[in-house]
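Dropping the structures in below, format is structure tokens.
Shared between the two complexes below is chain A, which has chain B as its partner in the first and chain C in the second.
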Partner chain A sequence: MIPAAVGDVSLVVAVLFSLLGLLAAVAAWYSRDARYIQMAKRAALVSFLGTLAAFAALEWALLSDDFSVIYVASNSTRANPTWVKFATLWAALEGSILLWALFQTLYTWLAGRRMRDYWISPVALGTLFVIQLFFLVNVLFVINPFIVLPHPPSDGPGPNPLLQNHWMMAVHPILMYLGFVGLSVPFAYAIAAMWTRRYQTWVTETKWWLIIAWGFLTAAIYAGGWWSYEVLGWGGYWGWDPVENASFIPWLLATAFLHTAMVQERRGLFRTWNFALVTLAFAATVFGTFLTRSGVIESVHAFAGGPVGPIFLSFLLVILAVGFGLLGRVSSEVRDVGAVQPLSREGLLLFGALVLVTMAFVVILGTLFPLLVEAFNGAKVSVGAPFFNQLFVPLGYLLLLLMGLGPVLPWRRAEPETLRVVVWMAIALVLGTALGLVVGWTLWVSLTVGFVLFNLVALGWLSFGPALRRARATGASPLKTFFSQFAHSHRRFGGYTVHLGVIVAALAISFSQSYRLDVQKTLDIGQKWNVVGRDIVVHKLRLVREPYRDSVVADVEVSGLGVAHPRLNYYRSSQTPFASPAVTYTWLKDYYLVLQAFDQEKGSWVTLRLVVTPLVLWLWISAGIIIFGTLLILWPTAAPVAGSEVSREAAI
Partner chain B sequence: MRAKYLIGFLIILAAIGYLAWGGLGKSLVYYVLPSEYADNPAKYAGKRVRLGGLVKQGSVHFNPKTLELKFVVTDGVVDIPVEHTGTPPELFKDNQGVVVEGHFEGNVFKGDNLLIKHSESYQAPRKGEYTPDEVRKLLKEAK
Partner chain C sequence: MKRWLLVLLLLAVPVAAQTVGNQPPPDYSPKVFEIAKKLRCPVCRGESAAESNAGVTQEMRRQIAEMLKEGKSEDEIIQYFVDRYTNWILYEPPKKGLGLVVWLAPVLGLLIFGLGFYAYTRAAAQREAAMVDVDDAEIARVEAELEERSRSGGKS
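Let's look at the complex of A and B:
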């Protein structure tokens, strides 16, 4: 009761101060008075604190089992452990939109702190206030989690068991929203840039927001894949499920924008592209939410329909209309001066961005096609993984090619000196592919190995070449020179590190998708099963009782790898059991065991499913490499001149 | 110079378009009920299909040693025999809503993925007394 009142009042405060902030931003624009910007910034802080209080109120209700609050009554249950109760806040629609609103208000406040001028600031802040108002008004009026039930139940059903099965599910949505919301800041600046006709600086000013958002999106997609692998029990990490696609589309577009933004920063080109790409990337985050939250598709995320589908669709259309409407108005002014040589770094960056945009459209097409077919002839269809794979394999190789070549080529035009390293890269490509074919790998896997070597030569040359040349000239130790260069330009090396991570991921994906063993067998307790060169024995079957679930656990020994514990969990809230696979990682292969069934009378036999997949561990390692690289890019430059934003930006 | 790259770009675009169109046609997975299949079996020959329906009363045969599972999927009008390899999911039983993914071989449906469509509020229909529309509604509402 009390938490609900606190939550509602806090939300009202947040909405009112967002409105106040919006009005202050409008006033700042018309009066050109910087005091109004100060006012808008303060309003942003208050509405963030208001949303934080609403968030705290809902957590309070969840943790104190207050079933008079509708969100708690429909999504929580008494017996759950505390961390599950805490994470239940973002396990259903209302709470997750509240979390989104919380991050949006936080980012508005943080982004506002850096704004000073009275040209861009009022429009950028105003745009951010409009975005956060959209979420806050929805939480307050359309999908309010704080509605008080006149007859509270004594207990609730609890969240979807799939979401309680792994701690990763508590982390994945937070990462995803931090990524989604992060894209709103570059979008708001882009709107401001088009509105005020100052087309150049917004890219530099929002560069860090973009990289942070990209890092969170990447981490979130990996977290989702990891969850899928460790929880769902089908032995895969990516199934081209509409939900996965919904997170992948903004990532592809943000990656494309990240690369073309670099060109605008360095050479002032691709302004039109950047306005279009940032609009599409931000719109894609709302599109993903529409897709997953409106019930048009079936998934774990598809919470009961409700009115949010049309509302999000309208918001999506507004974003696209505003972004492209403004771009249409100023398009003649933003046209690039100077031509782009196709065989230059900017030429290949543009080409790479086009490949990424194409990938995004392939995903959109594959995701929406079933809806189109059903609308036209009523047939119910789904688009299978083969469609996506067929297109992503060639596009992926194209991307690997451009990824190696782009950074090697200099800006403006290709120079003869770079030809030598390109020849070495080509040799590595041919040798790698030939080696793969000799070993007996499939053509596609061999080609991936070739492209991995191709990229490694490029990255090696880019990383160590300058140090070696300099060491030769100065006579210093090459290693020392390398480390001093690394420390001095860690941002450049951060970019290379991210590319290295992508290459490792490509290798892991290629092998794990091509070579996979999936077998099932029914074993008596103690019976030996010899498979893939290992002996598998089920020693024991036991029942584990926990307050919120019962589990049947099999103790399975895999020779040389120890004992694994695949289990079936029976949640109180569901009649369906949930299999919790046991994964044993080794450097080259994963042993993935699922308890499929067991003898319910005497416990004398079990049915096991064994999936052996190569290099999956390296996929998770690649996540670590990419995140490390992103942190290297974001790491502040050593000893910036105190208080001088300008010199820091210039040094980059 | 510009025209040359434009042509190259268009060729790539055309190739992708061709792949996309062909790929869509081939990798569409149709979702049908037994009576919808019976209306036009030729349409689904050699294609991947998701077959929805209820497990017919008394039709389940499972051998835990060989993991061979045989049962009949029905929507009250048409019956289709299904062969599947693998353990049936926990809630697999008579009159349970199921969706099987696989393909037709003659009159037999060879499944490779079996999903339970279980509704917490659903009451098992009395023997045989349901129509395809009711089955469709049940499968849609179930999780």
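Let's look at the complex of A and C:
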């Protein structure tokens, strides 16, 4: 009762102050009075605090088992552990949109704090206020989680069991929303830039926001992959499920924009395309939510439906209409001047962006294709993992090629001295591929190995070449020179580190997709099963009772690797058991055990599914490398000029 | 060992991951999962027959294993499921007719966006080429003239 009232009042406050902020931004635009901008910034803070209070109220209701609140009654249950109750806030539609609104108000407030320009600020802030109003109004009026039930039940069904099976579920959605919402800031700046006809500088102003959003999106996609690997029980990390695709599309577009933004910063080119890319990237986040929540497309992730499908679709159309409507004027006014050599840094950056945009196009078309065909001639088709895997292999090689070559080439035109390292890279490519074929790997895996070496030579040259040359000239120690260069230009090295992570990921994906072993066998207790050079023995079958679930656990020994505990979990809310796989990671191979069935009468046999996949651990390591690289880029510069704008900019 | 019966009674739910009558499911070779991965689970959302644990897919995997034992080839097995469920059961759309459109998506994408990028860079390059090169003498002359004008303008 009380939490519901607090929640509703807080939401009303948040909505009112968002409106006030929007009005102040409009007033600032027309009156050119800086005081209105101050007012809008303060309104942003109040509406953030209001949304935070609403968030806290819903958490309060969840943690205190207040089943008079509709969201708690339909999504939580008394017996759940505290962390599950806490994470239940984003386990269903209403709560997750509230979380989205919370992050949106947070970003609006933070972005507002950094706005100095009295031309751009009113429009950028106004755009952000409109976006956050959309979410807040939805939470308050359409999918209000605080509705009070006249006859509260004594207990609820709890969240979807898949969502309570792994702690990653408490982390992955938060990262995803932080990434999605983060893209709204570059979008708002782009709208402001188009509106005020300041076409060049917005890219530099929003660069850090873009990198932050990109980092969160990347981390979220990895976290989701890890969750499916550890929970879904089929030994894979990526299934090209529509909702996975929906998170991948903004990532691809943001990655493309990240690279074309460099071309704009450096050479003032590609300005119209950058507006289009950032609009599409932000629209893709809303598109993803529309796909997940509307029920238009079937997905394993469609955890909750609701009335918001058409609303999100309209919002998506408004974003596209505003973005491309303004772009129509921009494209008639912006006349970029400058030749781009195909074999130059900017030439390859554009080629890379072309491949990334094409990838996004393939994912969008593939995801929507069943819908399109059905609308066209009523036939039913499926587009799934085998299709995407086949098409992404050639596109992936193209990207690996451009990724190695691009950073090596200088801006404007290729120079003769870079030719030498390109020759070495080509030799590495040929040698690596040949080596792979001699060892007996498939052509595709061998080619990946070749491209990995190709990229490693490039990154090695880029990272250590300057230090070696300088050390030779000055006579200082090469290692010392390298570290001083690293400290001095850590952003450049951050970029290289991210590329290194992508290469490691490419290697891991290639091997794990090509050499996967998947078997199922029924074993008697104590029976030895010799497979892939290991002995597997089931020692015991046990029943574990917890307040919120019962589990049947098998103690399975994999020789040399200890005992694993695959289990079947029986949740109160679900008719079917949920298999919780046990993964034993090693540097080269994973042993992934799933309890498929067991003898219910005597407990004398167990059916196990074993999935052995190479190099999956390296996929998770690559996530660490990429995040580390992103942090290096974002890290403030070592010796900030006291009190300067630069140091403050870097800190955010 | 009555314990296990007790578990079932307590749970009082059908154990879906289990075949009827407490019989262990058959053993499957890697080939079974390889084929099952190409087929969709008919009752699930976005899962293949190798991934899902629904009753139907359990049955599908059993059938695949049986047909493999009978010596049927992968194509024959897949055809068997296509006959039963139509092409919809395949996770790869057919490479003919309308299905060809989605298979050509990368080519289409590279073409459409590639042409767009090309047109853009060409226009930008032409604009640069169209700019007139001005030598230093010309600049000096213009500057002198401007200065002259502003001086005379200042007087009048």
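What we mean here is this: the second predicted complex is superposed on the first by the 639 of 652 C-alpha atoms of A that agree within 3 Å, B and C clash if a C-alpha of one lies under 4 Å from a C-alpha of the other, contacts with A are read in each partner's own complex, and residues count from 1 in each chain.
Quick note on the criterion: a residue touches a chain if its C-beta (ideal position, glycine included) is under 8 Å from a C-beta of that chain, and two chains touch if they have at least 3 such contacts.
Predicted model, so just to flag it, every value in this text is computed and none were measured.
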For this session: Could you check whether chain B and chain C clash or fit when both are placed on chain A?
Result: clash
For this session: Applying the touch criterion given at the start, work out whether A:Gly239 contacts chain B, chain C, both or neither, answering first, second, both or neither.
Result: second
Problem set entry | First (chain B), second (chain C), both or neither touched by A:Gly378 | neither
Problem set entry | Partner, of chain C and chain B, that touches more residues belonging to chain A | C
For this session: Could you say whether A:Trp273 touches chain B, chain C, both of them, or neither, answering first, second, both or neither?
Result: second
Problem set entry | Which superposed partner A:Val357 touches (first chain B, second chain C, both, neither) | second
Exercise. Is A:Gly603 touching the first partner chain B, the second partner chain C, both, or neither of them?
Worked result: second
For this session: Return first, second, both or neither, reflecting whether A:Pro394 touches chain B, chain C, both chains, or no partner chain.
Result: both
For this session: Based on the superposed arrangement, let me know which partner A:Thr576 touches: chain B (first), chain C (second), both, or neither?
Result: both
Exercise. Who does A:Pro636 touch here: chain B (first), chain C (second), both, or neither?
Worked result: neither
For this session: Share the list of chain A residues that count as touching for chain B in one structure and for chain C in the other.
Result: 358, 362, 365-366, 369, 373, 379-387, 390-391, 394-395, 520-522, 568, 575-577, 596-597, 605, 607
Seminar exercise, completed: Touching chain A in the complex, chain C uses residues 1, 3-5, 7-8, 10-11, 13-19, 22, 24-30, 32-34, 37-38, 40, 44-48, 50-51, 53, 61, 86-94, 98-99, 101-103, 105-106, 108-110, 112-114, 117, 120-121, 123-125, 127-129, 131
Seminar exercise, completed: As the complex stands, chain A meets chain B at residues 342, 358, 362, 365-366, 369, 373, 379-387, 390-391, 394-395, 520-522, 568, 574-577, 596-597, 605, 607, 609
Exercise. Okay, in this complex, where on chain B does chain A touch?
Worked result: 5, 16, 19-20, 23-24, 26-32, 48, 50, 64-65, 67, 85-91, 116, 118, 120
Exercise. Once bound in the complex, which stretches of chain A touch chain C?
Worked result: 232-234, 236, 239, 241-243, 269-270, 272-273, 298-302, 335-340, 350, 353-355, 357-359, 361-362, 365-366, 369, 373, 376-377, 379-387, 390-391, 394-395, 517-522, 543, 550, 552, 568, 570, 575-577, 579, 596-605, 607
